[in-house]
Every structure is written in structure tokens, then in C-alpha cells.
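The following blocks contain the structures, represented as C-alpha cells.
Across the two complexes that follow, chain A remains constant while its partner is chain B and subsequently chain C.
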Partner chain A sequence: MSNYQSNSIDIAALEPIQAKSKRARKWRLLTKPYIYLAPSLILLWIWMYYPTLSTFVLAFQNWGMVPGTAPTPVGLDNFVRLLSSKDFGISIINTLFYTVGLLPFSIVIPLFLAVATHKMEGKMKNVYRAMFFIPLILAPVSVGAIWRWLFHPTNGLVNDLLLQFGLIDSNIAFFSDPVFAKWLILLITGWKMIGFGTILFSAALTGISKDYYEAISLEGANRFQQFRDLTLPLLSPMIFLVLMMSLLFSSQWTFAYIDILTQGGPFGTSTNIYYEMYKYGFSNMDVGLSAAAALLFFVVFGIIAFVLNNITKKYAFYDN
Partner chain B sequence: MAQITLQNLKKSFGKTNVLKDISLEIKDGSFTILLGPSGCGKSTLLRILAGLEEESSGHIYMDTKEITYNEPKDRDIAMVFQNYALYPHMTVYQNIEYGLKIKKIPKAERKQMVTGVLEMVELTDHAQKRPNQLSGGQRQRVALARAIVKRPGAFFMDEPLSNLDAKLRNHMRQELIELQAQLKTTFLYVTHDQVEAMSMGTHIIILNQGEVMQQGTPKEIYTNPQNLFVAQFIGSPPVNIMKQGDYSIGIRPENIRLVQAFDPAEDTYQIDGELLSTEQLGGETIYRVKTEYGKLNVKTPSRWDSIDKPVQLTFSKEDVLFFGEDGNRIAPQYELLEDLRVAPQLHFA
Partner chain C sequence: MTKKISLSLAFGLLLLFLSGCGIWGQQTSNASENESDNNSTDLVELDPDNPTTITFYTYSLAVPTMKEGMEQLINDFNDTVGKEKGVIVEPVADPNYQQYRADITAGKDVDVIQHTFGTLDASRLNLDFKAYEDVFPAEELEEHLEGISENALQLGVIDNKMYGLAFTFSTPIVFINGGLFEEAGLDPNDPPETWEEVKEYALQIKEKTGKDGFGLEPDNGWVTDSVFFSNGADIMTEDRSEAVFASEKGIEAIEIWKDIYNSGAHATGSTTEVPEQFMAGNLGMYITSTALHSGFKAAAEAGGWELYGAGLPQFGDQPSIPVNSGSALAVRPDSPEKKAATWEFIKYVTGPEGYTTITEQIGYLPLRTDLAEDPNYLQGFVEEHPLYQINLAQLEHIRPATIWPGEVATEASTIFRDAIVEAVSTEADVTKTLKNAEENINILLK
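For the complex of A and B:
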């Protein structure tokens, strides 16, 4: 018997492949993915890419959105007007204020809450999580209405309590006060967004193997050391993700409360760049100015996103 | 170095009793194996001893000191986990060093200790790598190194080889035996693999449904099983059990001989059978034979010749294990074998 296996099939008897079916397969592989992608690509084009591109164009044009009129090119005029406007300067400073001010609510408090509730068992865990999560799913308009009622200048609960405890002598018009308005917008947005980070950090925590904690506790690490040396590094990708989202979206998150509670006032002290953009475009009908602001916003936040992304790649640890 | 003593240890989860009153001594410097099928409570027992889980009642002593209520870190043990639990964001070096850092050992001394252990497990060249850059066997060695560097009184290992492929597992088995011989420290090793237990252990404790079935040296366990469970659990293929009324008799596959024809001068007992299948393992051959007492396994040194279907089996009475109706081992009852005695007239006819 031979040690080698020989072919028992006559190769010549095999049917050759049809050139036609080979071409058909190639065509199929080329077209099919795009057919599946088409619906979302079309929607993305209509709602995202086309408006973005037209914003780029409108930033260099002047247009009042009056039907029948056409935009006229004005070069860099919109940017000059924008940068020399006093309101815009305030809005930039406020945007910074909101962006930095939201970080405790989007990262620090959620991180603490997620770690604190992680080891809980049974129903209470879900009760706690629901408590943090409910504000997040409430509609911003109703949240705005609730807080407006609480802080109402004449018959609000907060004024009432402060008076009863003798902390103030007369009612405060919180949302008309240059200092309170800004801080209240920040607090309300923060309160609403706590659940966002908490839920993401909680999810990330469940992905960390229990074995690591058993191993590290056998080595004698206390809870703080466990948090610093194990939890924090292993959560780093999620922390960077939430950080990025918080930085990029905080102007968006505050928008609804600015619009509902203060309309940017008093004297523009609570506005941010997002609200200014909206005001230029839809109150002042100055589309060019709005688009110029949007373009600046796009570039600045694009740079932030790019830098953060690189930092994440460098410092976040992915356990795969 | 430590002897671990367990006194009336019990554990229940809700109404399920996972460990039912376990009292044991794990001898100082022994390589003790906790062996049992999955769900027998062996891992729970190890975790209770490590302090990772709470016992329901009972006492644990390390030498003469009671450690029942000690924190895991205060028990002078090191543990190797099934999936190693190496900190993924730390290098090999940092993984090994971490515990020493927590203990506030000075840096120079730490370095000396870590380097020494790295050499011992032959990972010096990989010190700066992350766990995900290592092979399974290397990770295993890092996990060992992390345990060794603590110089604990006892090493606890929870199925540490089960994530390795067969070849590497054989290799690591030998390494662990050599390591234990070198360290002379108590090893407590949990496994469901009887080959690991037999080959590595100086002492084996067999658990089933939360109870100790038997404990002893590998030789005692194999040659002198105290009950049906142990007899059937140890050995591959498992012992052949034949029912004789309320009693069971057991014969290990390697103690049954396959003969061409009975020789009444030599063979006292006979079982006629029909060959069902043959398994060639290279070094040995396993035959599965259908008989009136059920299907029996026969293990012989390798035979490559083909055998006729009707086969004849024989054995010596010294190799037979007898079990009572409760499954416990009883003194030999050779009258139970009368049915199997070779009937000379059949062969002289």
C-alpha cells in the first residue's frame, strides 16, 4: 500500500466554471453592500451632509430667508461682524463656563454613583439606577417647566422655603438675576445629565471581571487602592468617551433650558454659542451670521474632538 | 509553610447545602488536590479557605492560628485563578510587583524580588509586555510568579490549567510538580481532572455533593477506593461495574485480560462477550465488549492486530473490588464470583 493518497477523481471530468457566473458573483459583491447602505446614506445626506455643506456656503453669504430672495456673497463680512459683536464674546465665555461646569455632573458624580451602586444586589440596585436615570429621559420642556415653577419669583417653592427659614428677606427672581440664571441653567442641565454618565459607567463596570477584584483584594489593596489602580484604568476608555461627549454636547444639552427659562437673558448673561446661533438664524433672520458662528463652532469643536481622540488613543487602556 | 485545618465547615446558598460538614487536614508542604465533578463544592471550599466567600459555619486554622474571620489579605495565602486575573493594564513586571508595592516594600528590594521570580519562571525577557501580548502558557507563569513573589504559607489554585491546550497542560503539570518540590510550600489545587490529580498530587481529597468521599495518596485512592463513587471517578476508562444482586463488583479495565481461549489451568473466571469497538490510543488499546453483565471496557498494551468479534475475558480475583448496597466498599465476597467460574466441562467437551 502506498503511503501517499492519490487523487481518485479525474480532474478533466470536472465541469469548468462558467465565465458568466463568475462575473455575476463579482457584480453581486460590488452592488449588494450599497443597496443595503442606501436608505441610511440618503437620509444622512438629506439631514446631515447637505445642511453641513450649505452652512459652509451660507457662512460667506448674506440672506434673510425671505422667500423669493437669493443669498448674496459677502466674503468674510459675517465673521468680522461676529467676532466684533459683544454678545458673541459673552456667549463664548458662557460656553466655556457650561462646558467646564458640566464635567462634575457628567463624569465625577456619575463615576462615584456607578462605583457606589455597582456592588449592590437585588431590587435596590435598580431603584437607585432608576432614580439617576429618570431625569435623563424626561422631556427637556417639562423639566424646564418643573424647575421654572420651583424657582418662580412670586409663588415658587424655593423662594417660599428660603423665606420660611429666614435665609432671604424678599423673593428672588432667579431667572432674571445675572448670577443665578447662569448657575441655575448649569445645575438643571447637570442634574438632568447625571444619569447619562452613571448608566454608561455602570455598564462599563459590569464588563470588568470580578476576578481582578478578588486578586487585588488578596494582595491587600484597600477600596481606594482598588479604585485607583484597577477601576480607573479599566474604565478609562469609557471615561474618555463620556468626557468627549460632555465637552462636545454640553452647549447642546444646556440649549433647551436657556431657551425655556431665560432666553439667554438677563442681558445675555446666560446665553451660549448654541443659543446665539439659533437666535441669529431664527430670531434675527440673519442666516449668514448664524452659519458663520456654526462654522466656527464646527472647527473649534472639531479640533477639540481630534485632540481628545488622540489623547484617548494614547492613555485609555482597552482590555480586549 | 502552613498546615491548614478545617473543622466542621458548612456552606449553604439558600436551601442548597454546598458543603456538608467538612473536616480535613491539609498537610504542611503537601501538594493536595481537591478533586470532584463540577458542582461538588470544591471551588467554593477553596474560595472559603481563601476568604473570598463566607462559610455558613465551621472553623479554619492555619497551623494553630484560627483564620476563619480574617480578611483574604491576612491569611498568608496566594491564589492562582482559572483565567489568571492578570491586571490587563499593567506589564508583567508591574503585575508581579503590585502586591509588594501595596505592602510598602522598598523599591530596591521589590526589584530584587521581582527579578528573581521572573528568572525562576523564565519570563525575564517578557517583563515589559502586557498580558495580552503573551501566550496562554506565559500568562499562566505570570500568574504563578505573582503568587510566588508573595512567599505565602500556602498556594491556592483554582483549575489553573484548564484554559491551556492539551500539550501545554502536560508541560505545565510537570512544571508545577517541580515548582512545588522546589518551594516545599503547601499547594492546594482544585481540579475536576483526575489525570491532573493523580499525576501531581501527593494527597487527593475527593469531593462529591459537598461531602468528602475519600482522601489519601494517589495510590490509595486508585487501588483502594472506599466507595463506588471514587472507584468510578478515578481511572480512564472508569472501572467496570457488574451488578450481582444487591452488591456491585468492580474490575479496572487494565485488570481484565482478553484471551483467545480459556486455559482452565490458569483462568479461574470467564466472561463471554462480543467486541463492540476498538480505540487505539497509541501506547494502549481499549476494547469495548458487550457481555451479559453489561458493556465492559478492557485496556491492554497496544495491539494492532484485528480481533474476532466473539471474545473471552478473564481476571484474577485479587483485582476485584466489592461494594455493598450502600455503595461502600466491603470485604471480598468471592462467592459473588461463582457464576463467573470457568466451567471445565465446556472446554473439554
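For the complex of A and C:
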């Protein structure tokens, strides 16, 4: 009797357990992907989505970022002030200037260097590549300081050499000249970024099978034809990638040199939109204006990225 | 089921978002709590065995020519009064006047700030600076301020309350490279007195030595004000409601400066480059703050030339009017202990010992002018360095540099400075450039 009873209890107890574990398994199965995703989602939220959302909100508010004070809503006032502020127009023109001006340094020259060093044998290949790459990993602040000394109006080597060769009659204050300042910032940033494209193109080149080159040279193609008809199409996905990065990041790359060499001057002629945003936010303590500028450029750069993405899909050639 | 999970996930994210917002709410309530503690100006007793730490944000610590002196000042305090009373000052170097703002906005403890005068009004409004009268006992304050130059004290007063106590202070003077002067056949003991003579001397130096004769960077940001004042022009109306620098006198002053700039004997670099040029011995005369004196002196000794000085040049027979550069100490104590600790530090660094170190080791003026005649403090030093007599003499007819009204301070000062750079250093028409800038600033001010 007691035996039977205990058995029946066992059976009765078993059934719900089975059902429970089944439900638990289902629950686990469903939550599993989200748990895996959670770390990246949380990080993305903290570093990307939350700040982006804050920017959208702050663009319509006036706030000095002091703890204990609250932002006051001002509607579209920030955008009106932004469009009428003195350096905003010139900063947009300069942003375009830097963006377009950097393309030769991020694509044309690196492409040439990568192809030229690709066929090299032995140690020299790495020596050359290291030479192109080193500027990229140097700290921008120290690089900026060295360039500043080189181009110093009276104590600098560049002025000294130009004078000695009789190319100029009097010293040039490069970073106080509205034309030179802009071009020098472009050249210095470009010089530093050459290594970036070169390394990416070199990596992409090693992925192209040697068989193609044998085949095409059997057909009688010379080096230029090989480059045009084989290398270029096979590199196209990488070229589009570098193009997009260059367009989207050129403002960030120039930022450090603007800050170190000219602070946007003389009279605001070398500034770009990122530097203006930084000034609005952290020098004028006007986070609303800064957010409004950021919002405008979020839209503009978003459109550029979207268009380029579509072009890449259409024209890039993938060798599977 | 999937729907439920994604819903709960969305809810979780929402919670995260709200908790993010919560940080602000919390800080707001903290701030108001502290205020109620802080209403009285009585000071609490500090405990030397359990010292209170306060932070001091200073740009002097980030300037190579001033670093040593500032370090000595802070260490002297920590080793003497600080140890005795129980205060430890932690200095933070702030090269671009940005760190204190960033740290205040990040909610860190920023207790004492070395702040420039030009943007004091803006910072007071934005960054919760406390007025001295509101946090320190009236009697002690009054006693301490006695002996400090009244002209200097007034600079930190806004709406009848003192938001900054004059700390480091200097006027611009003409630094002279004696070596180049002699090489050009000029006597450094007989410096130019008018702008006309400045041009004449500069051209002679250029011709004889090949080096630039004179330098005043268009982007200097403060000496420009004395160029205007010395020619009888104003930059703003007295009630600071309108910019008026594009007056006939103002335009004339800038035209005279531009004429020297274009003569080929004027240094062309920016405000970071020209001091380097002068220190390298490549510039005959340079107008800048005496704060650079110790650095220039070291450079002159290393380069084998003598450093001389002269007062600001004048326009014709009108006496020149120098402005001041320098800084005030702003305070934002947030607890009774910090208030007492801050007061000890302020008393030391703006007392006789503090000003003596600032003058001897850095090159600023002693704001307790009596110290210059006191054998216990600065008498010997001033006798040895006659340059300081020029500066002390200039203190008497000094006029404060323009303080742009709080809300628009940074924007207005940028427009003004950029216009001067454009007017002086490019082909641009002076009248048109200045009128344009004046108009833009007046739009801001409305």
C-alpha cells in the first residue's frame, strides 16, 4: 500500500516537472540569441544610440552642460543661430575642400604604392611598406608640433631653405596665411593617411590569385593593361570601402592638425565642421548649437554613406 | 512568445535610458542639498591629521616659462600653511582653459580655478562660480583685501560682487633684444616712444641685421585693446551694450599698425610663433606680457644677448594706455570643509608670500604694490630687474581689457580678434572689415 502510494506520488510529481523543463527549454532557446546579443547591444546603446538620441534632443535645447542645471527647450533657434554664425559657411566649404583634397592621398597614391611594392621580393618590400605606414601610427600631437617647427616663419627649416635657394625674398608665415594654412593642413593629413590606404590595398592584392596574371600575360597584356583590366576591377570592393571611409572620416583626420597648427585660423579660414562643433560645444559651452551642427551633418554624411553603399553594390566586382 | 521577449527587451532598454536620465536628476538634487549647508559664511575648524583636499586648475602650470614658479607656489603652501592647518592642494594643469569646464560638466570636484578676466562673466553664469562675499566671512575678507591694488580688485567684480580675486597680473611692455639694437646702431637704453619711431627703428633693424625689427601678433587677443585705447578709441560703450571700435580713432590706430605690418620689418607669425622667434634672437622688439619675462631672460642668457624693456609706444603726444592681462582666482567650494580649506589657500597665494613667489619666479606684477618697496619681500628683486619698474609705473594709468558680456563673450571676442587679424595682416580694407565686425557683434548683443 505504502509502496503503491509512493509510486503514484512519483508519477504525479514527474509530469509537471517534465512540462516545466520543456517550457524552460523553450524559454532558454528563445532567450539565448538575445543573451548573446546583450553585451554588444548594451555597449552599442551606451556608446552609440544613447548619445545619438541625446544629440537629437539637445539640438532643440539650450544648455551649458553644468551639472545641476536643466536644458531649456528653444525650438529651432539653434539652427537659425548656426546658419547665421560667422564661421559656419566657411567651415562647410573647407570640409568639402579637405574631403575632396584627401582623396588622392587615401586612394590614388596608396593604390600606386601598393601595386608598385606588391611584386617586390624579400625584405625591401617590408621596408618600403613600413616607411609608408609609420606616419600613420605616430601621435598626431607630436607630428603636428614637428611640422609647426619646420614651417616656423623665422626659425623653421622650410623658410630657411626657400630663402637660400632664392625662391622667396622674405619669410612666409605659413600658418598665418589663409591659403597656405589650409593647404598645409591638407598635405600633412594626407601625408599621414597614405599608409592607411596602402596597407588595405596591399592586403587586398595578396588575395588576388596569381593564375589570373599568368593567364592575362599569356594573352599579351602589358603591365598597364594588367592593372586596368585585372587589378582595378578585382580591387574595386576595397577601393569603394576606402573611398567611403575617406569621405566620412576626412573631417576627423584633419581635426587634430587644425587644432594644433592653426586653431581654425587665420580668421577662421582653415576650420572645418568638426572643429566648429568642438568649439561650439566645449569652448563656448553651447551644447545646443553643437548638437544642431552635428545633427545636420549626421543627415548629410548619412546620405553620402547610403549613396556610396548602393554604388558599391552596383559596381564593385567580387571574385568568388 | 517571441513578441513578449522583444517587448521585455525593449522595456529593458527603456529602463537603461531612463537610468541614464536619472543621473542628471540626482545631480540636481545634490546641488540643492549642498546649497542649504553652505548658506552661512562661517568657517569650520579644519583637522590637520585628517586634511581636506582641494583641486586647483591652473594654466600657468602648463606654460613652460611659468611651470616652475607655479609648482613652487603650490608646494610652498602644502609644506607650510597647508600642513599646519590641514589642507592639501592638488594642482591640475589646464593649458587651453578647457579642462576645468570639461571637469565641471563631468561633475568632478573643481574647487579653485585660475581664470582669465575676459570670460569671467560667462563662466560665472555657466559654471556656478561663487561670489567671495557669499562664501567667506566678511571681516576676514575685508582684512585680506587691504593693500591689494584697487584697480586690480575691481576687475573681478561683477554686479557688485567679487567673483574673481586678482591673482596674476601684468601689463604689456616692449621687450628689446639689445644685441640686435646694437648691431643696427641703435641704443637699447633709448627705446622708441611713439609708433612712428617704432616703425623707423624696425626698418633700421631690418636693413642692418636682416632680422625682423618689430612684432605684435594680430591675434594676440589683448594688447590690441591698448592700441585702441592709446589712440583715444573705445571698444565698447561704458555700459557694455554696444561695440564701438570701428570709430574714426579706432580705424586710424589699426591703419598705423597695418602700415608697420606691411613695411616688411614686422614679424608675421601667430601668437605661438612670435615668442619663439624673439627667444631665438630673431626679433628686435616685441610687445607682450611681462609674464614671459623669466623665459625671455633665460633665452637671452643662452643666446648671448641682453634683454631690455620699454613702456608701450604712444600715438603722437597722447600717453599710451596699457591694458592688463592675467588671471583671477574663482572659487566653487561645495562643503563647509572645502570652504575653509579654499580660504586658507586663497589667503596664502594672494598674500605677501604668494605674490612674492609669483613675481620673482614667474614674472607677474606684485598686486600688493607695497611689496616692491619692502626689503623683506621684493625691494631687492625690483632693483635688480628694472623692467618691473616700467610695469609698476604703467599700473597707474592702466585700463582693464575688454570684458565681453557673458552670454556672447566667446563669440564676440572671436569676431573681434578675427577682424583685427584680417584687417592688419591681409589686403582687406580696414574700415570695411572693422565696420562689418562691429555690426556683427552688435547684432549678437541685441
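Quick notes
One rule holds in what follows: the second predicted complex is superposed on the first by the 280 of 320 C-alpha atoms of A that agree within 3 Å, B and C clash if a C-alpha of one lies under 4 Å from a C-alpha of the other, contacts with A are read in each partner's own complex, and residues count from 1 in each chain.
In this text, a residue touches a chain if its C-beta (ideal position, glycine included) is under 8 Å from a C-beta of that chain, and two chains touch if they have at least 3 such contacts.
Treat the numbers as computed from the prediction; the structure is a model and nothing was measured.
With both complexes brought onto chain A, simultaneous placement of chain B and chain C is permitted, the two fitting side by side without a clash.
By the touch criterion defined above, A:283 reaches chain C but does not reach chain B. In the overlay built on the shared chain, the residue A:209 is in contact with chain B alone; chain C does not reach it.
Chain A is touched at more residues by one of its partners, and among chain B and chain C that partner is C. By the touch criterion defined above, A:139 reaches neither chain B nor chain C.
By the touch criterion defined above, A:70 lies against chain C but remains apart from chain B after alignment on the C-alpha atoms of chain A.
Of the two partner chains placed around the shared chain by superposition, neither chain B nor chain C is touched by A:35. For the pair chain B and chain C, the least inter-chain C-alpha distance in the overlaid model is 38 Å. Shared interface residues of chain A (contacting chain B in one complex, chain C in the other): none. Within the complex, the chain B residues that touch chain A are 50, 52, 71-73, 77-79, 81, 83, 85, 87-89, 98-99, 102-103, 132, 150. Residue ranges of chain C in contact with chain A, taken from their complex: 1-2, 5, 9, 13, 16-17, 20, 24, 27-28, 30-32, 98, 101-102, 104-105, 107, 122, 125-128, 211-212, 219, 264, 267-270, 272-273, 276-277, 280, 282-283, 410-411, 414-415, 418-419, 421-422, 425-426, 440. Contact residues on chain A toward chain B in their complex (touch as defined above): 209, 211-212, 214-221, 225, 229-230, 233-234, 317, 319-320.
Considering their complex, residues 26, 30-31, 34, 41-42, 45, 50, 53, 64-70, 85-86, 148, 152-155, 170-173, 175-176, 178, 262, 265-268, 282-285 of chain A touch chain C.
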